Amino acid sequence: MDLLEIRQLSLNFSGIVALSDVHMAVKKGQIHAIIGPNGAGKTSLFNCLSGVYVPTEGDILVEGKSIIGLKPHKIAKLGIARTFQNIELFANMNVIDNLLLGRHIHMKSGPFSGSFFIGKTLREEVKNRLKVEEIIDFLEIEKVRKQLVGSLPYGIQKRVELGRALTMNPKILLLDEPAAGMNLEETEDIARFVLDINEELGITILLVEHDMGVVMDIVDEITVLDFGSQVANGSPREIQANPKVIEAYLGQEE
Amino acid sequence: MAIRSKTFSESYHEDIKLFRTIWLKSWIGLFLVVLAVLPLIGDPYIVYLINLSCIATIAALGLNILTGFTGQISLGHAAFFAIGAYATAIISNRFQVPFWVCLPASGVLAACAGIFVGIPCLRLKGLYLAMATMSFGVVVEYVVITWDNVTKGVRGISVPTLSIFGYPLDSNNKIYYFLIVLTALAILSAANLMRTRVGRAFIAIRDRDIAASVMGVNLTQYKVMAFAISSFYAGIAGGLYAYVMEYIHPEHFTFLLSVQYLAMIIIGGLGSVLGSVFGAVFITIIPEFIKAFAQFLTLLFPALQDKYDDGWNIAAFGLLIMLFLIFEPKGLSGIWNRIKTCFKNWPYTY
Amino acid sequence: RGVTEDTIKVGLILVKTGPVAALGLPDGHGMVDYMKYLNDQGGVHGRKVQVIWEDDEFQAPKSVAALKKLIHRDKVLCLITTGGSNQTIANMKTINKYKISNIPNALMQEFFDPYQPYIFAMGATYECQYQCIVDYIFGDMKADKPRIGVLYAKKEYGKIGLKAIRERAKAYGVDLVSELVLPTGAVDASSQVLTLQKNKVDYVITCDVLPPVISFLKTAEKYSYKPKAVFGFNWATDDMIVKACGKGAENYIGVNFVGGWNDDSPGMKLVRQIAKTNGREVKDIGLTSLYIHGIGASYLFGEAFKRVGKDLNPDSLKAAFETFKDFDTGGIFPPLTYTDKSHAPPEMVKLFKADVPNNRLVSITGWRTPKKMD
Amino acid sequence: MNTEFMFFIQLVVSGIALGCLYALIAVGFVLILKATGIMNFAQGEVIMLSAFICYFLVTTFHVPFLVAVLLTGIIAGLMGIVTERLILRPMLGEPIFSVVMVTIGLSIFLRSMAGILFGHNNLVFPSPFPTEAVKMGGIVVSQTEIWIMLSSLVLAAVFFIFFKYSRMGLAMRGTADHQDVALLMGISVKQVFALIWAVSFITAAASGVFLANVMVINLGLSVVAIGAFPAIVLGGLESIPGAIVGGLAIGIIENLAGGYLDQIIGGGVKDVTPFVVLFLVLMIRPYGLFGKKEIERV
Amino acid sequence: MLKVNNIEVVYNDVILVLKGISLEVPDGAVVALLGANGAGKTTTLKAISGILDSQNGELEDGQIEFMGNPIHRLDPDRIVKKGITMVPEGRRVFENLNVMENIKIGAHTRTDRRQVKRDVEKTFDYFPVLEGRKDRLAIFLSGGEQQMLVICRALISKPKLMMLDEPSLGLAPLLVKEIFAMLRVVNDKQKTGILLVEQNARVALNFAKYGYIMENGKIVLDGPTDLLVKNKDVKEFYLGVTDKMEKKSYAQVKHYKRRKRWLS
């Protein structure tokens, strides 16, 4: 069974068609890319997956179970984590707190026990802090641990956002343009992290990216969207040679 | 490996402690001692002002949790405060029950009211929410005035003296200690709450609610919870107010009081526990300071004596709020943080 | 406390700022002016009276703070007044504990019934005032089956007034036709006027302060609604109303427990003289009826100081008040009696009618009490 | 015609008159909200001050009414510019909360200054409008009310057209969205703000002058602005037509509640009804009647 | 045309971000400014367009000249009137205005209303997609469409110098090509000078005649682009090609960490 399956998905905004009849499947353990021109509906698709938008039609199955109509926090519990196209960090918290928020679904303390901060709550905080420190190590952001994220450089913010998604221990990680606005060096770092996450942590990754260098080099499979509908699906090599894709998206190589 | 994780856990535990340095601990100790002996050396006027500040602090903490931390603007805080005050007054009058029943009951009743307002207001944001909560305040005022066979309406209702296990706290100075302890508890628990899971969820909702929900925060649940906690604080503060004043009247809980609480948390610092304390004390005490200063001026220049218009006191208060925010838009907690970093890095300036 | 060889310190808590200051300032000015007058006359037994006036902004917590300050910092002997009812009740315990004699400027039954040892009520209660109004409708105006409507504010005077009128009318065998709220800050009173007009109310009794009553009269004029009479109680009995409404106030009748500014009594002459020496013109004073009230309150304290003699302290002051027996202020107040069992005010009022051409109210009755009903 | 029906019509008509006043006040709020996102809590004080200024111009300085109105408008406009310059410009780029709080401070300051400058007495404006009401088919409207209705509708129309079609109006709407990007478009944000505060204060002055004609002038006048809050929110905060519709709706609702509900429920529901209606409307339309739903994208 | 002379910029009175930057844009030239994240490229552009004030920043030292006149003390709106328009990073459209209004607001400084109308039509020729979305609120546009809109908005003000901050951010490869082709036309026909900040070094160096490379608030390298592309460091760090002129695969860089920094 595929880990994630999207069936005949359509999404309209009062007349504007964002997605129409999209169907695709993501296999467990793969890195799957979605590419397409601007406004093709990639981010909208992610929003449907994480429950921010409710699709007009169609179905989304995670491990065979439909997640249509579920609130975002429920979907998060099912193991879907994501990053955003425009960084959506909690700007007034420091890095540790941002990552700890990622642990929200794995923690239990409520308002009463939280007010006292002894016993179980304390133990829980410390335990999750350990987990967070692991991720911080993994992403090499030890230096900025206690800084407010708002004041961090763009590249580091993107990395923190990635970290926040990782602390959720997801099954599927949705990355929306992780390399946008990055220089070469940072893009390389991100590419490396994506591969590591996939290989070492075994997390399935769904990736939206305009940097064809990254996409073609690291992903296993690509789905191409245009005007909300799917135009192609296949391995990087196939996609690169697909005339439809070249015409709508890649452009002629000069 | 085992050893390593042990030390780690210890260091993280250290890391998240509230009072970390010995300096901080001793300063707080000193402050507590000063508070403890104050009624012995100061006059009842000062003690009374501190009492009022304590009550304001608890209420302001509540509002800061809702508005400062969770980002839900409320202009109806006076209503929850009033509900607490009236609950204490009515319950203790009717059933002659002791404070440890009355106060929690007031808090819980206010919290229920908070939930009652919070749920329909879930979809509202910003000024719309402010106005909706303000409407709730107006309605509560109307109910308190109109439902006079319970609340005694515009005649006001008197409250029995607070007594702890048979020992009546019948003077300012006696109730003072009770208030200080409760306020300290309120501050501590708010500070604790804000650095655990719930508090983080609140801040996340304020900063980016959609992102928070994608991270697994149940927006509905937490927004309503913020309303409940906030109005619980307000309710407790209201109950204490009833005990301190021993007489309450609908006019004590107007829209202006809501604005005053908002002023406290903004001046103190939104989203800062300590800020709420500073703000509450500032707004309560400063007018008296200004008055004292004005009196001092008239002593210096006796010519002023007859001509002095008390309007200047209030004008000065307004001016002070403006100037203060123009120079320190982040509020008193902003100043505080600056002083702290200054101390930390001393003798290096930066 | 508060008494030295040559001074007596007295406190005064009254609102000086904000929207309600229109009520507090003239009252307080009256009190201060009279004490000044007393000092100019040589003081009492060689002592000059020093008045310390604290502004409470009409807020109970501030009023409580002010009283604490006056007692513990300024160490005053007594307060001329603690201001409104709300503030007085909030301060009640402290007043009793520190034996602070005072004259509240609100008129609630609670202040003298049961007996409060340090509160001296001065001025007929709202109940009494409204009873006199209803009496006037049935007695002097000889109304037959009058259709009475009440406009009240949601304040204690409003609610008390409404209840008093309802009961009194009932005693005459009449039910109220309309009971409507007239908010204090009302922009206009259209819905009220229209409702009264529709219900053919011919006697309107207002239980509200001046501005809304003026609004009402003006709106009534607009809709050419002319009831036989419109009544108002002490907070709304002032020449101001005629100046403001002109012809609209033709049918206005007010009731008050102090003399009218234009009365020809010795007391009122004194009041006018004091105002003049302090350079106060009628338009500066604002509500003259309150200025008169203020002077009256200080007058009583002055008299009490005189009666005590040299040995002035809280207890002797209280005792001195309690020797008042039919004490005559020459028309500022009705004659007044306090005993050690009762500090009840004289339940006496005067009625005033609008004199539109001269822009003022003139008294149409002497002091009168509510009729005994059986 | 049946009296019951006439009663209803008369209530509605006077409600409209009252509503126009609310609308005018609301427009003053909305202008600033629209261009700067700030709820100016000192608006009520400006209204009150304008009433006082106009009063003293007419009575003490014997200025003819129309000239006095003009002068009041000019003074208010200058006040707007000064307020913007001294108080709000230093707050550019600061959190909106702090800015709103500054306006609250300003309101405290202004109210108290009004007390100091103009005293606390109740004053009655020598209204220039004839007291004879106009009667049309049994419906009574006072001449003051006719002026109120006309001028608030005209002002609202002017503002609406200004924002929709003029270059400056567009610049203001842009500034409301992003101040710094507006700067990059060559828009002088300072000028925009000064202008908007001046215009808003002038609108407040207009409502102040009208209020002076129908109410007693005292410090309490500033509270009327709170009565206009439901109108602003009902209309949807940033919409001028919304402010008008909101104002009218609240005026009519208030009067009908006064005429009917007060008889049944009693206890002055007239004052609360607008707030209850507001609350209910917000439950159904969280952005008021004309407000734009804030679009949130991630 | 534009001369930036040794400017220093400080944020929040403490953080020195630009440590003496000098650069020059000759008349009608296309100049690229490259550099790592946080190097201070955006800050440089902000300093030129005068909007540092509203960001808690301050120009501490140095001069900026435009067409021979100093402009570093002018208000931003004055600077725009002199003919410098900036396209800020991050697609800052006016979300609550529709597309048409967004473009019109770009012409705020122009007084010739008729001509503006014609120019609007012309810009739509460059971006036909936008014409179809004329009445849609800008917030509803996709990221790419928003990017086109901000460029349109800048074009309509007929600038003498256009500063673009990462115009290719988040754009599809095809669109990147189109936008740069369009910019080339504008540069050729209207002689508009262009100062370009880009992360996509390959495109930028290809497009510009002259390039500056920034690190940590300093210019570390500058020269004509055809020389720059031959520089070894530029090749490695900005173009991602090895000495043998072949692209590295991202899949290969995996565990390979480099610590080398410019001149350090």
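Order of writing sets the chain letters: A, B, C, D and E. Residues in each chain are counted from 1.
Please note the rule applied: contacts are C-beta pairs under 8 Å (C-beta built on N, C-alpha and C of every residue); 3 or more make two chains touch, one makes a residue touch a chain.
As the structure is a prediction and not an experimental result, all values here were calculated from the model.
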Minimal path length between chain A and chain B through chains that touch? 1
Which chains are shared contacts of chain A and chain E? D
Winner on C-beta contact pairs when D-E is weighed against B-D: B-D
Rounded to the nearest Å, the gap separating the Cα centres of chain A and chain C is 73
Please work out the Cα centroid separation of chain C and chain E, and write it as a whole number of Å. 75
Centroid distance [mean C-alpha coordinates] between chain D and chain C, Å: 36
Listing for chain B: what residues touch at least two other chains? 145-146, 210-211, 214, 309, 311, 314
Flagged in chain A as touching 2+ other chains are 43, 52, 84-86, 88
Chain E, residues touching no fewer than two other chains: 140
Chains touching one another, given as label pairs in label order: A-B, A-D, A-E, B-C, B-D, C-D, D-E
Can you name the residues of chain D that touch chain A in the complex? 298
With touch defined as at the start, can you tell me which chain A residues reach chain B in the complex? 50-52, 71-73, 75-77, 81-82, 84, 88-93, 97, 100-102, 104-105, 107-111, 114-117, 121-122, 124-126, 129-130, 133, 164, 168
Which stretch or stretches of chain D touch chain B in the complex? 33, 39, 41, 87, 90-91, 94-95, 97-98, 100-102, 104-113, 115-116, 226, 229-230, 232-233, 237, 266-269, 271-272, 275-276, 278-279, 282-283, 286-288, 291, 294, 296, 298
For chain B, which residues count as touching chain D in their complex? 120-121, 123-125, 127-128, 131-132, 134-136, 138-139, 142, 145-146, 210-211, 214, 255, 259, 262-263, 266-267, 270, 309, 311-312, 314-315, 317-322, 325-326, 329-331
Across the complex, what residues on chain E touch chain D? 49-51, 54-56, 75-77, 80-81, 85-86, 88, 92, 94-97, 101, 104-106, 108-109, 137, 139-140, 153, 157
